[in-house]
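Report on the structure given below.
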Amino acid sequence: MLICTLIDVDIPRDMPPDERAALIEKEAAISKEMQEAGKLAHIWRVAGRWANVSVWNVKDNDDFHQTIGSFPMFSYLKVTVIPLSQHPNSIR
Amino acid sequence: MLICTLIDVDIPRDMPPDERAALIEKEAAISKEMQEAGKLAHIWRVAGRWANVSVWNVKDNDDFHQTIGSFPMFSYLKVTVIPLSQHPNSIR
Amino acid sequence: MLICTLIDVDIPRDMPPDERAALIEKEAAISKEMQEAGKLAHIWRVAGRWANVSVWNVKDNDDFHQTIGSFPMFSYLKVTVIPLSQHPNSIR
Amino acid sequence: MLICTLIDVDIPRDMPPDERAALIEKEAAISKEMQEAGKLAHIWRVAGRWANVSVWNVKDNDDFHQTIGSFPMFSYLKVTVIPLSQHPNSIR
Amino acid sequence: MLICTLIDVDIPRDMPPDERAALIEKEAAISKEMQEAGKLAHIWRVAGRWANVSVWNVKDNDDFHQTIGSFPMFSYLKVTVIPLSQHPNSIR
Amino acid sequence: MLICTLIDVDIPRDMPPDERAALIEKEAAISKEMQEAGKLAHIWRVAGRWANVSVWNVKDNDDFHQTIGSFPMFSYLKVTVIPLSQHPNSIR
Amino acid sequence: MLICTLIDVDIPRDMPPDERAALIEKEAAISKEMQEAGKLAHIWRVAGRWANVSVWNVKDNDDFHQTIGSFPMFSYLKVTVIPLSQHPNSIR
Amino acid sequence: MLICTLIDVDIPRDMPPDERAALIEKEAAISKEMQEAGKLAHIWRVAGRWANVSVWNVKDNDDFHQTIGSFPMFSYLKVTVIPLSQHPNSIR
Amino acid sequence: MLICTLIDVDIPRDMPPDERAALIEKEAAISKEMQEAGKLAHIWRVAGRWANVSVWNVKDNDDFHQTIGSFPMFSYLKVTVIPLSQHPNSIR
Amino acid sequence: MLICTLIDVDIPRDMPPDERAALIEKEAAISKEMQEAGKLAHIWRVAGRWANVSVWNVKDNDDFHQTIGSFPMFSYLKVTVIPLSQHPNSIR
C-alpha cells in the first residue's frame, strides 16, 4: 500500500552543531536502510526548501506510523499525509 | 528533471454524459501515451477524492507546461506544482 | 485498518426533487449495507451542518477508495481523509 | 452526547526528560481511566503525526470541558472540537 | 447547554422574489418562536454583512441539530459551531 | 452598542507560577468588575480550549478598546472582533 | 466613530448590461450623497482589483449597518470590517 | 500616491522595560514627524488589538519603503500593503 | 516604479467559442502593445496553470490601475499585487 | 529555465550584531556574484516588508536548489517557488 508524504524539516537553530551533524548522519543511514528494505519507495528534495516529497510502501497505516516514527528526525518534521491508491490510467 | 503535481479534477456537472465519457477516454489514452514515453513517470489516485499525485520527467518548465497542457482535461484541473531535485539521502 | 473521514455534502440545489429523494434513499441503503458488512464502522452527523464524521474499517487504501467511491453521493462529497493507527493509550 | 476532537500534541522541546516521561505516563494513566469510565469512547493515533482523533461521551459541554481539562497534557494540546449528533443513516 | 454559532446567509440570487420573501417571513416566524421557547437565547446581526452571531440553549447536540435544522433557511446557511461552557470568571 | 469577541489566551509557559497566579486572579477581579458595571455583558468558555466568547456593551469603539485594553491579560490575548447590530428577527 | 472596510465587488456576470449600468450609476449617486453627508469619510480604489478601502464615520454599529446596507450594490459586496479607534500617536 | 497598510505590532516579550519604553517613545516621535510632513496621512488604532490601519502619501514605492523602514519598530511589524488609487465615486 | 502581479485567469466556461477566441486575440494585442510601450516589463506563464507572473513599469498606482484595467480580460482575472522597490543587493 | 521566488527573510532576533552584519555582507556578495553570473536574473525588494521577489535563470531544478542553497541566509528564508515558462503573449 502506498502513502505519499510532504515533509518540512525544522531542526531547532540552537541544537549544538555536533548533535545536529550526528542527527543528519543517523537520518541518512535510516533513510538508506528503509529504501533498501523497500519501505521508502521514493524520496525527492523539494527544490528551494528544506523539505521532501516521499512515497512509502507499507503494509497498512500502523506499519506506516511505526516506519516514519522510527526516523531520528521524526519529532522535527511537519508531515502532510496523502494516502494513495491505484490510478485507473496507470500502466503499472 | 522531475516535477510533482497534486491535481484535483473538477469536471462540470452539466457536461453531457457522452462528452464526459469521451473526455475521460481521451484523457486515459493521452495519459498512457505519456507514461509510455516516460514523460509521466508516476500517477497515483488520492484515496477518497477525485484527485491524483503525479511525477513528471521533463526537460524543463516549458516542456512541463506543454506536456500537462496537452491533456484533454487540462482546463478542468486545479494543479499544485512542486519542483523536485535530487535528495541527498536517495539511493537512486 | 482504520481511516477517518470528515465529509461535507453538497448536493446541487437545482437537482430535481425526485432525483434528490432517490439519491438520498439509495445513499441510506448503501450506508446501512456497508455498516452491516463492517466496512463503515461509525458514522456521526456533525451537529449544525450537513456533514459527517465517519470511520472506515478497510483492508488498505485501494479498498477504501473503492468503498467510498461506491456511494451514490460520492461525486457530491468534499472529503478530508485522516489515516488512523493504533494509539498507545487505547485500551482496545 | 458525543464530541469528536482532532488533537495535535506539542510538548515543548526544552522540557527535562524526566518531567516529560512523567507527563506521558500520567497522561496514559488518565487516558485509560477515562476510557474505562466510558468518557473517552475512542482514541486513535493520526498516522504519521503526533496527533489523535478522539470521541468523547459526555453529559454536556461543561462535562466535556472539565473532562478534557483534567488531562495532564491539556495545556500542550491544540484542540479542534466537532460536536456530533445521531446520523440518520447510522444503524446504531 | 449553550452553543454559539456564527452564520453567514447565502440565498441564491436566482430565487424568485415571491419565494424569497416567503422564506424570509417564515424564517422570522420560526426565529421568534424559538426565542420565545428559550431555545434561541440570543441573535445579533454581524454589522456590515448578511450574517449573525447566535447563542442556542439546548439539551444536547442532537437537540441543537434538530433545532437549527428546522429553520427554513437552513440549507442556505454556512454555520460555524462553537460549543460553550461555564466561564470561571462569569458572575452568572 | 454591542461587540462580540472570540479570544484565545496564550500566557507564556515560562512565566513564574506566582506571577501567573497573580495575573489570573487580577484578571478575574477586573472581569467581575466589568460584568457588574455592565460593560462585559457575557463571557463564556469555549469548551475544550483556553478561549472565550464574550459580548461587550460599550459606548463606541474607543470605549471598547480602552475597556478590553485595561484587562491585565490583554497583551497575551489573540482577539477576533465582530461588531454587532440589532437583528431584525430578534425579539429583544 | 470610525469603521474601516475592505470591500470586494462581485456583480454577477449574467446581469443584463442595462441593469448593470443602472446599478453602477445608483451606487455612485448614493456614494456621493453619503460622502457629502460625512458618513463615508474616505473611499479609495484598491489598485489592480475591483475593490475598495473605505472609512465610515458613524454613530454606532447599527448606524453603520444601516448605512452600508442602503447601498444598491450591498448584496454583491464581500465586506471585511475593521473597527477603528483613536491611535495614541495620531496628531489629529 | 496613496498606500494603505494594515500593521500588527509584535514587540518581543523579553525586551527590557527601559528599551521598550524608549522604543515606543521614539516611534511616537517619528510617527508625529511623518504626519506633520504629510507622509503619514492617517493612522488609526484597530479596536481590540495592538494593530493599526495607516494611509501613506508617498512619491512611489521606493519612497514608501524608505519611509516605513525608518520607523524604529519596523522590524517588529507584520505589514500588509494595499496600493490605493483614485476611486471613481470619490468626491475628493 | 515597478509592481509585480500574480494573475490567475478564469474565463467562464460557457463563453461562446467565438467570443472567447476574440477575447484572447485582443488580450494578446494589448499585451504586446503594453510591452512595446514599456509598461508591461515582463510577463511569464506560471508552468502548469493558466496564470502568469508579470512586472509592470508604471508612474504610480493610478497609472497601474488604469493600465491593467484596460486589458480586455481584466474582469476575468484574480490579481495579487506586490509593490516592488529597489533591492540593496541588486546590481541594476 | 526561469523560476520565480517570493522570499521572506527571518533572521533570528538574538543573533549577535557582528554575526548578523557579517551574514548580511556575505549575502550581498553572493547575490552580486550570482547576478553577474546570470543565475539571479532579477531581485526586487517587496515594498514595506523584509522580503524579495527574485527570478532565477537556471539549467534545471537541481541547479536551482544548489544555487539558492548556496546563499548564506538560506536557512533563514521562507521560500515560495513558482516555476515559469514562456508566455504566448511575451514579445521576448
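Couple of notes before you dig in:
Order as written gives the chain letters A, B, C, D, E, F, G, H, I and J; numbering starts at 1 within each chain.
The criterion applied here is as follows: a residue touches a chain if its C-beta (ideal position, glycine included) is under 8 Å from a C-beta of that chain, and two chains touch if they have at least 3 such contacts.
The model shown is predicted, which means the values in this text are computed figures rather than measured ones.
With B-J and E-G as the two chain pairs, more C-beta contacts join B-J. When the contact pairs of G-H are matched by residue number across H-I, B-J or I-J, over half of them reappear in I-J. A straight line joining the Cα centres of chain A and chain B is 23 Å long. Note: centroid distance chain A to chain E, computed from Cα atoms, is 46 Å. Once the centre of each chain is set as its mean CA position, chain B and chain C turn out to be 27 Å apart.
Shown for chain D are the residues that touch two or more other chains, namely 2-3, 45, 47-48, 61-62, 64-65, 81, 83-86. In the complex of the two chains, the chain J residues touching chain H come out as 13, 45, 47-50. Note for the complex: chain F touches chain H at residues 3, 5, 12, 61-62, 64-65, 68, 75, 79, 81.
Per the touch definition, chain F reaches chain G in the complex via residues 1-3, 60-62, 64-65, 81, 83-86. For chain H in complex with chain G, the touching residues are 2, 4, 6, 27-28, 31-32, 35-36, 42-48, 52-53, 55, 82-92.
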